[in-house]
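Read the structure below first, then the notes.
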Amino acid sequence: MAATLLILSIAIPWFGALVVWLAGDARPRLQHGLAVAFSVLAGAVAVALLPFSSSQILLSIPVGGAFGDFTFAADGLGVFLAVVATVVGSLAVIFSVGYMRGEQQLGRYYALVLFFIGAMVGLVLTTNLLLIFFFWEITALCSYALISFYNDDPKAVAGGIKALIITQLGGVGLLLGALMIFSYTGSFDLRDFIAQAGNIPQTALAVMAFGFLAAAAAKSAQFPFQTWLPDAMEAPTPISALIHAATMVNAGVYLLVRFYPAFAEVPGWRTAVMLVGMLSALLTAIMAMVATDLKRALAYSTVSQLGYMVYAVGAGGLFASQFHLMSHSVFKALLFLSAGAVIHGVGTRDMRLMGGLGQKMPFTRAVFVIGALALAGLPILNGFWSKELVLEAGLVGGPLWMWVVMLVGAGLTACYTFRMVWMVFYGQPRAKLHAHEAGAAMKTALAPLAAGTLLTWLLAGPFSKLLESTLPLHALESHSTLHYLEEVALAPATLIAMVVIALGLAAWWQRARLQGLVNALSGVARAAADSFGFEAINRGIVRATQNSAENLRVTQTGLVSWNIFGIMAGLVLVLVILLLGA
Amino acid sequence: MWHVLASLGILVCAIQAIRSQRLLMSALWLAGTSALVSLLLYLLGAPEVAVIELSVGAGLVTVLFVFAINIAGEEAIHLRSPLPRVLTWVTVIAATVLVGWMVFPGMAMPASVPVAEPSFTTTLWVDRRVDVLLQVVLIFSGVLGVLGLLSEGRAGAQKESRQ
Amino acid sequence: MTLNITNVAVLVVLGLFATGFYGLLAVRNLIKVVVALQILVKGAMVALVAAGNLTGQLQAAQSMALTVIVADTIVAVVALALAVQVRRCIGTLDIKALTSLKR
Amino acid sequence: MDATTALTGLILTPLVASPLVYLFGRLAARAGAPRNPARWLALVVLAAALAFLFPAGQAVLNGSAVEVVDGAIALRMDGIGLLLAAAVLVLGLLVTLFSSPYMAGEEGEEKFYALLVMMCGTMVGLGCASDLFNLWIWFEAMAVSSYMLVAFYRQQGASLEAGVKYLVQSAAGSALVLLGIALVFSQSGTTSLAAIRAGAAAGSGPVLMAAGALFLIGFGVKTALVPMHTWLPDAHSQAPSGISAMLSGVVIEAGLVALLRAVGALAGVSTSWGLLLMVFGAMNILLGNLMALRQKQVKRMLAYSSLSHVGYMLIGLGVTVGFQLAQGAAGGFFHLLVHVLMKGLAFLAAGTLLYALHLAQGSHHPLVADDLNGAARRYPFIALVFSLALLSLGGLPPLAGFMSKWQIFVAGVQTHNMAVIVLVVFAALNSVLSLGYYAPLINRMYRKEIGPVVEMGKPVPVVMAVPLALLALALVAAGFYPALFGWLVNPAAASLLVAFGG
């Protein structure tokens, strides 16, 4: 039964992808309907898998050799992420019915979304390293194809290719790590690896650990790979919500959590993880302060929040990191989708042109504000509880100065969130925009997410129970919800955090008075707008590669004599190597 | 003694074939090379193949060359070599010296006593019959290739079919 | 080093090898490129027969050399046909004119 | 049918039938038949050969190499020979099918099919050769039958030019091989590969080492090892698309097999063979990728990408040769097979578009990247399979190209040798770089604004789509279940390991 459900949770979206593709672009209504049906069905199957979560292998397809056996397990961690992927996925698809109405090539759009959902489920449910890499790459492929969905827009094409290449570059780390693991343990099963990690030579284990960290950082758009995510915002907004906020970017955090027991003892690894998380959280929070594009601002905040999760993993707070991941998936999907409703309504993404939209779009404003408050970490909303847990984990498991930096980041988060809400929904309209409220399909998707943002923190207890059934060697204890609430509410750290967040809000409120400080910080702001030079590094590498490629083309002279010269040169080369080898 | 003379002749002819400016002369020098090679083959103890080399290499191939030069026309292209002269010499000498240095000691031994072997005919037609079959394949492919490259085109084909 | 026949044959092989490759590198007329190829293969053929002479297996070497002659002639024929067609179509035999395909 | 008879039939069928194909085709052309029957004959001949392959292959898979002995020469089919024969015949069949509309009405159609059949036959034989000199002559026969196919458009200057370069380089390479054979013969007194291997292990010398170098370079020209690769982009881009697929899919691989056979006989002479293969592999990967990066002509870009894929195969094979790990060769041969599928598919798909956009309108313009703008709107199926092929070439799952690269990398890391691991990382990074030229092509095809060239494109005949569909299906299937071709790949790897004394 459980094995059937597991197969179905991957197969239904993939089969759906095929069906929607074959339905043909001539029948858009049918395509919308099919896509919704398949994605909702997949969500139902994944939810049905919840009670079956266990740390046993459910399914094993013998392949052998260099590929290992294809094994799957529905353990707590995996099922949780599978549920997030399919449920948020189905909501994004429902939202798309309204958002993508009238677009061409819907078949390609929905097929890729469904293909992505299936791959994401596969990624978190398999225990075979090859398959992890396999699904990992498929998610990257879908992400690339969907970012450049509007192929006529050169920015979309460039953004897609950039995302593909940067995540692939990081993927080389995962590849190397996985191959090293196989060469030392003779197996691709990650349970074998985690069990035997102690027997692997330290240097080899370090290569694996840092390889995985590079892969995770690239996938989760963490420092120093963060540049691709803002550019990925050229994608249709439901895609940004689903792939670039709620699911795929979590894969990096998932990877770190998954292999934490094996790598925790590697010297320097935990510090490096925390450092990556901290730098990402801080730098992108500053960038979000000056962003003018609504989606880019949200993208920066995504990187920043992912930084909190990564930081928590490094500090050993696996539960806190996953809990924040859950909250973030819900409220960030909500923010992106409601931003999508705004963009769909007004036809621009530039926040400088918006303002005062709240009156025309009251529903959208309401849900957006709920999401924003959760992002800022204000009490009662789910973001508050999870962020406080992250900060507590950091205080316990990491150095104090990093904790202070993360606190500052939390203050910045509150500040830029407020700025965003203000610029979009309040104040005077800055341009003549014909805004209209979100349609029925969009509202259907937004309402559950808003409810989730208000309520998911109540699930802390059941959630920890679920994570208890994660694969062996993960020491995750379960507690009741009340325990967590007490833990957060009674900790003095929470109070400090609240003060900082309040300061952040006050800073926005009193921005006129702080003009002097703003001016002082303008240099930082300019640097932030320039992504702190990382864009320049990216461009430099690309240009250097292209120039060397262009220069190398001279070698193809097209003259037979030079071709023969190549043969002679090859002969001399081989003879010399052979003589040296002898 | 003869083999030294023949060898010197071969090298001179070959170099002349490359050096000579006129195509026709080049082809004739090549024929000379071929004839002297056939002499050397004879001296090496391969009379049958020497005869064939003389008739095919020095005869047939030269005819083909002359034929081709007639059609293509004698074109005076005595401009400089397309590659830097130094590079040409360096690579040729480097490759030759390296190969020679590796090969010469192993080859410079007296010829061994001929082992008992079947006759040339048997070797060719029985032992290496597959090679002969492949010669046929080669000839067929070559002829098809030439036909494909040189046939007169549409007009020619139609004329042919009318006849 | 004595000037026995195998020694000399090896020298001839090397000489033909060098001359042939020099030709391929330095010559600009397509038909002369074919001449250079012929010289190259003649060198290899002499090497084959000399090898037969060395190991005392002359008949095997002879039959191989015969096959080489046939194969080589066929290649020369196709190459000359190609040269003729190049002359017809492009109007010159200069290989420097044959550089439209590059990069 | 017993295996020996089957092997005889397999080798003789194409060789004997090729003249018949020409003859019937010629007669029909003279009679003015509107549809030349040569294409159907070629199809039948290749299918018949494939039918012969089954019993012969069955025996090989059961663990006994099949042998046909004629005089002193034995044709022996082992794992490698079987792999090559299967690849050649399957791709040959699909290319014949594809060419029937593509080449329809071209002058000299019957010669095209006759030579295509001949080329397939010679490659099958080449895979079975167990005698060094015999190997060379199969190789030469393959080369001669392909010269005219490359220069098929003989009214086009560019096509002739490609033919000239191909011929000159190929002939120079085969002269080097011949010199190598003479050197080996002078030392071993035999041309049987097995006997040479036995003799070379005992007493070796610099002469055999030089011979090995000559084999590596001579066959390396056909395998397109850098820096002997310069003929390849010209030939692949100028030949008719079916032939491009054959050249890239099987001819360079046949060169690789010949190289492995010849060098394998001299395995005991030097310990550097594995290193050399990997050095060439690295050069091929890097140069192929960089040259393709700025390429605007689609077929030329695919040709350069062939270079880099040969590089991946070489790394896998080099691991086996250098470290005696069967995994590497399994990966290398798996990649060879997958390359047949994906590069065959890529060239045929590009050829279909070339046909629809240019050739069918009587123009011999090359297909450039800009021509593809919006192709998915008019040719959704072609665009889909072309994208699949490109993504597989770039090594993305769930396509076969990912799995074969994976296996090669697994083997490389298994050596636990620092240099090889670095090489694996280098190859993986290059795989990422290659996306920099595959991905933009895909984006172009899925643009919504149709380019002017696509606007005027002609419809694509259904017959051309059949081979594309089959290849794409195989590509996806092997991507999901990589052990799919294990039965074919593992015996080949075992054979290679035997050849290099594992």
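By written order: A, B, C and D. Residues from 1 in each chain.
The rule we apply is simple: contacts are C-beta pairs under 8 Å (C-beta built on N, C-alpha and C of every residue); 3 or more make two chains touch, one makes a residue touch a chain.
Because the structure is a prediction, the values reported are computed rather than measured.
J.: What's the overlap between the neighbours of subunit B and those of subunit C?
T.: Touching subunit B and subunit C alike, sorted by label: A, D.
J.: Is the C-beta contact count larger for B-D or for A-D?
T.: So, comparing the two chain pairs, more contacts are at A-D.
J.: Using mean C-alpha positions as chain centres, tell me how far subunit C is from subunit D in Å, no decimals.
T.: Computed from C-alpha means, the inter-chain centre distance equals 27 Å.
J.: Centroid of subunit A to centroid of subunit D, CA atoms only: how many Å?
T.: That pair's centroid distance is 41 Å.
J.: For subunit A versus subunit C, what separation do you get between their C-alpha means, in angstrom?
T.: 63
J.: Could you list the positions in subunit C whose residues touch two or more of the other chains?
T.: Only 17, 20-21, 24-28, 33, 45, 50, 52, 54-57, 60-61, 64, 67, 71, 74-75, 78, 82-83, 85, 95-96, 98-101, 103 qualify.
J.: Subunit B: which residues touch two or more other chains?
T.: Only 81-83, 91-92, 95, 98-99, 102-103, 107, 123, 127-128, 131, 134-135, 138, 141-142, 145, 149 qualify.
J.: Identify all positions of subunit D at which a residue touches two or more other chains, and write them in rising order.
T.: Subunit D, residues with two or more chain partners: 72, 133, 137, 140, 144, 147-148, 151, 154-155, 161, 164-165, 168, 172, 183, 186, 206, 209-210, 214, 233-234.
J.: So what shape is it, when you link every pair of chains that touch: line, ring, star, complete or other?
T.: The chain contacts form a complete graph, every chain touching every other.
J.: So in the complex, which bits of subunit C are touching subunit A?
T.: Going by the criterion above, the answer is residues 21, 24-28, 33, 95-96, 98-103.
J.: Using the touch rule from the top, collect the residues of subunit D that touch subunit A in their complex.
T.: Of all residues in subunit D, those touching subunit A are 161, 164-165, 168-169, 172-173, 176, 206, 209-210, 212-214, 216-217, 220-221, 225, 227-231, 233-234, 270-272, 275-276, 279, 287, 290-291, 293-294, 327, 330-331, 376, 391, 396-398, 402-403, 406-407, 409-414, 416, 421, 424-425, 428-429, 431-433, 435-436, 439-440, 442-444, 446-449, 481-483, 486.
J.: For subunit B, which residues are in contact with subunit A within the complex?
T.: Listed in rising order, the residues are 81-83, 87, 91-92, 94-95, 98-99, 102.
J.: Which residues, counting only subunit A, touch subunit C once they are in their complex?
T.: 553-554, 556-561, 564-565, 568
J.: Quick one: which bits of subunit D touch subunit C in the complex? Just the residue numbers, please.
T.: Interface residues on subunit D, with respect to subunit C: 72, 133, 137, 140, 144, 147-148, 151, 154-158, 160-165, 167-168, 171-172, 175, 178-179, 181-183, 185-186, 188-189, 191, 233-234, 237-238, 295.
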